[in-house]
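Note that the chains are named A, B, C and D in the order they appear, and that numbering of residues resets to 1 at the start of each chain.
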Amino acid sequence: MIEFHDVTLGYPGSDLLSGVTMKLAPGSFHFLTGPSGAGKTSLIKLCYGELAPNGGRVEIFGEDSVKMSRDETARMRRRIGIVHQDCQFLDHLPLDENVALPLEVAGQKADGEALTELLTWVGLAGQAQALPPSLSGGERQRAALARAVIMSPDMILADEPTGNVDWDMSLKILKLLAELNRMGKTVLMATHDLNLIRAAKGLTSARVLRIQGKRLQLAGSDL
Amino acid sequence: MIEFHDVTLGYPGSDLLSGVTMKLAPGSFHFLTGPSGAGKTSLIKLCYGELAPNGGRVEIFGEDSVKMSRDETARMRRRIGIVHQDCQFLDHLPLDENVALPLEVAGQKADGEALTELLTWVGLAGQAQALPPSLSGGERQRAALARAVIMSPDMILADEPTGNVDWDMSLKILKLLAELNRMGKTVLMATHDLNLIRAAKGLTSARVLRIQGKRLQLAGSDL
Amino acid sequence: MIARLSILAPLFGGRSGADRVVPSTGPTALLTMLTAAAMAFLAIFALALAMATGRLADRWAGSLERSATIRISAPADQIDRQTAKVLEVLEQTPGVEFARATTPDETRKLLEPWLGPDLPVEDLPLPQLVEVTQSEAGFDAEGLHLRLAAEAPGAVLDDHERWRAPLVASAERIRAIGLLSLALITGATAAMITLAAQAALAANGQVIRALRLIGAEDRYIARAFVRRFTLRTLAGALAGTFAGALAIALMPAAEEEAGFLTGLGFQGLQWLWPLAIPALAAILAFVATRMAAFRVLRTVR
Amino acid sequence: MIARLSILAPLFGGRSGADRVVPSTGPTALLTMLTAAAMAFLAIFALALAMATGRLADRWAGSLERSATIRISAPADQIDRQTAKVLEVLEQTPGVEFARATTPDETRKLLEPWLGPDLPVEDLPLPQLVEVTQSEAGFDAEGLHLRLAAEAPGAVLDDHERWRAPLVASAERIRAIGLLSLALITGATAAMITLAAQAALAANGQVIRALRLIGAEDRYIARAFVRRFTLRTLAGALAGTFAGALAIALMPAAEEEAGFLTGLGFQGLQWLWPLAIPALAAILAFVATRMAAFRVLRTVR
């Protein structure tokens, strides 16, 4: 689904990644970890074309990400559910409309029942009419996750979806992702919570990618 | 320092807290925990006067929070270091100016050396000139912490300051707060990370407040 | 052609959802409407001023430049002969459409303001006047002057130019000011709407980022902004135009005697001009917002 | 008094830090400057129009209403006697400042445009004209008329009112339009600056929240906004005023012959008026932004 070929990434003044080659095969489940500021979020942004590599090539669904037109990029993103670390919402629309927005943007109708079910699942059924700024930190993260999966995308990129929720909710989110993975979706989840990665061992055959010294390593069983 | 007398808080349509009476004595260290959406952030907002209680009384430094004028509220906040869950920065100012902003606002001069030392301590010395939007999630949280302590306030209110950082950094932040507490500052830290609370046992004599069923309970040793 | 027109789609129909995704930007919305209204109102006045002075200048220029007077002063016994000679000369002069000697009655009318109604014109050795109407092309004043001097020494050509040219120049200057103001108003309006749209777009950075994140295409995002700003501008300009036209229609009608200062209103088909103002404003807003939107959108991947 | 003036502090001096805390809002900044410039430019023209027509109306109203002509047509042997009688009557009439009979030379001048320079005025049984200048209060035209009819039957009073009043009315109507435009421009500018400031404040919600969070007082936050908008408006208005004044100064001077259509410029001390425009704009901006800032600030605890 997504392939990195010798990818280099840096901002003026700082190099983040160099010589990264990896492949997220269809149906795979990967954790992405590494110290704060290592480049997890940046790597995920490469995966959906918000950032372009400074060197090398990123292929998304077989296409070179920098060669896509803006409209192609937009359509590509409809096949990817993204949980952004900053949970970007439209602050003037109620939660349910925000969650259903990917359907609206793609010109599809939202199924009211499925939407309610999804909100119930993330524990936000009671807040369907709330505006995003009035949600708690954890509620926002759960809403972002709901929005990411509503289109039933081929692939899910989740950037620290459990940063602001407690352990039980973290496990619940992990289980949802594992279930989606069993249904054939490709999952990449960035997290700094090693306990969660350990807990995943029983749920799915996840692999752990670790950013260390600008390189991407496949972490062993030393976790 | 801060006293709640039979405080009730609710938003239209939902009650959050009721009958909360508590006292954060000078020099005390409290954790605040509870499920996502329980009202941790809301309780902290009561502590610095962003929210007013629906019932009861909140006293901050001995004064009723709802009776303060806007300017008194502003001056009161200079005595409190606040780590907001959303890390509010001025996106157009570089990190070092953002961190030094409380001094600037209070009409004091920033001590360049102390500032650099503080930034080094939170691991952001290299990013002093970076703009907040270009920081990683964890870096933003650390910057918010640095800003909260730069005025050497009497009291520190930290809302999930470790949500986006890894375990090592979490411990480091906890240690900083414990050290500040030993220097006599009052600390209230909201977190959903029970491991961190457990880890604190060896560092400081912290008490754990838990919001459960709209009530504030003092959690026992069952953690 | 149809393909080209499709860029107008945002204005008509389109899914209502696209409108909801842009938060209503209170102050910017009002600002846009107010700007459009104020500018339309001022434009109406500038237009009316330009038109009134235009009419004025035309009338003067038209009626005066095309008319001339020849004055024949001569001893009473020669005057008829010279008058006949002058008329003969005029008949042969290219560019003269029509010429005739004024009757004593007309001469009296001409002099009445100065001398009173009891003037015994018949008894006076007054000069004889010949009114000349020029054709479109006009005659060669210098040549006519010379010929008259030779053939009718008592005749003096007065082509009114000397008296009225400055008036026409003044009217035309005021018209130029009106048109200049109109151009300025148009330019300022375009710039203001562009800036208001840019301000709204800049304030909605988060909305744009969030929408791109979930796969919205540029035209989906632009549509809501363009539509909203165009409609707002149209509404504001309509209100301003209506108010301006009303104010002009309600102005006391110019008394006929005022003569050279005609009323400031529009006449007949000229009333169609104000209608062009809201249309022009809407087109301006459409183009300006669309360009601003795509420019801002390109900064967000 | 000093305490009251302290609200002006944001404009002069103050820590530079307060300015840095507000991000430079590109489009809104430009918008404010452009609005101020365009409005100042238009205001200059409206002001010039109002002043020119005001001067015009004053001159006409003043010179014409205060002058009148008495025309005496009578047999040649009676004319001198009647003229003397008329002058005598005038001398006794309250409200008459000055009266004199015109010389034949002046009569010729008056008639020259119509009859040519060779008119043998002396030989003509032309009416005698008496020029009357009224005092400030003016005379009672009706009473004078009756008295003249009794004492000098050949005398006719013409107080020019009939001919020129509509002109004065027209000029005053144009002046009213100029003043109305000026009022509209002022109102629209105030509203636009308020809205622009509100838009800037709304767009900076995060800045305001962050500053309140770290203990900034309202006036610290307001200061930066107020200062910036006032200075921007001042700069824009200065530019617009300068451009407008330059355009007016460069306009071809009104030829003297144009007479009733005077030049559109400012004369002498009137040049001080345009200077008031930027000052007024800055005051408007200061008040509008300050009010908008405190209104928005109250919504954030």
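Miscellaneous remarks
Methods note: a contact is a pair of C-beta atoms (placed from the backbone, for glycine too) under 8 Å apart; a residue touches a chain by one contact, two chains touch by 3 or more.
What you see is a predicted model; the values in this text were computed from it and never measured.
Chains that touch both chain B and chain C are the following: A, D.
When each chain is reduced to the average of its Cα atoms, B sits farthest from chain C. Inter-chain centre distance (chain C to chain D, centres taken as mean C-alpha positions): 23 Å. Note: centroid distance chain A to chain D, computed from Cα atoms, is 67 Å.
Inter-chain spacing, taken between the CA centroids of chain A and chain C, is 62 Å. The centroid of the Cα atoms in chain A and the matching centroid in chain B are 29 Å apart. Shared interface positions of chain B, i.e. residues touching 2 or more other chains, are not present. Residues of chain C in contact with two or more other chains: none.
If each chain is drawn as a node and touching chains are joined, the picture is one closed loop, every chain linked to exactly two others.
Across the whole structure, chains are in contact as follows: A-B, A-C, B-D, C-D.
In the complex of the two chains, the chain B residues touching chain A come out as 11, 14, 33, 35-37, 40-41, 85-86, 123, 126, 134, 136-139, 142, 160, 163-169, 192-195.
Residues 15, 17, 20-21, 23-24, 206-207, 209-218, 220, 297-298, 301 of chain D are the ones touching chain B in the complex.
Only residues 49-51, 70-71, 73-78, 82, 84, 88-93, 97, 101-102, 104-107, 147 of chain A touch chain C when the two sit together in their complex. Partner chain D is touched in their complex by these residues of chain C: 25-28, 30-31, 34-35, 38, 41-42, 45, 71, 73, 110-111, 113-116, 118-120, 123-127, 156, 163, 166-167, 169-171, 173-174, 177, 180-181, 184-185, 188, 191-192, 195-196, 198-200, 202-203, 247, 251-252, 254-255, 257-259, 261, 264.
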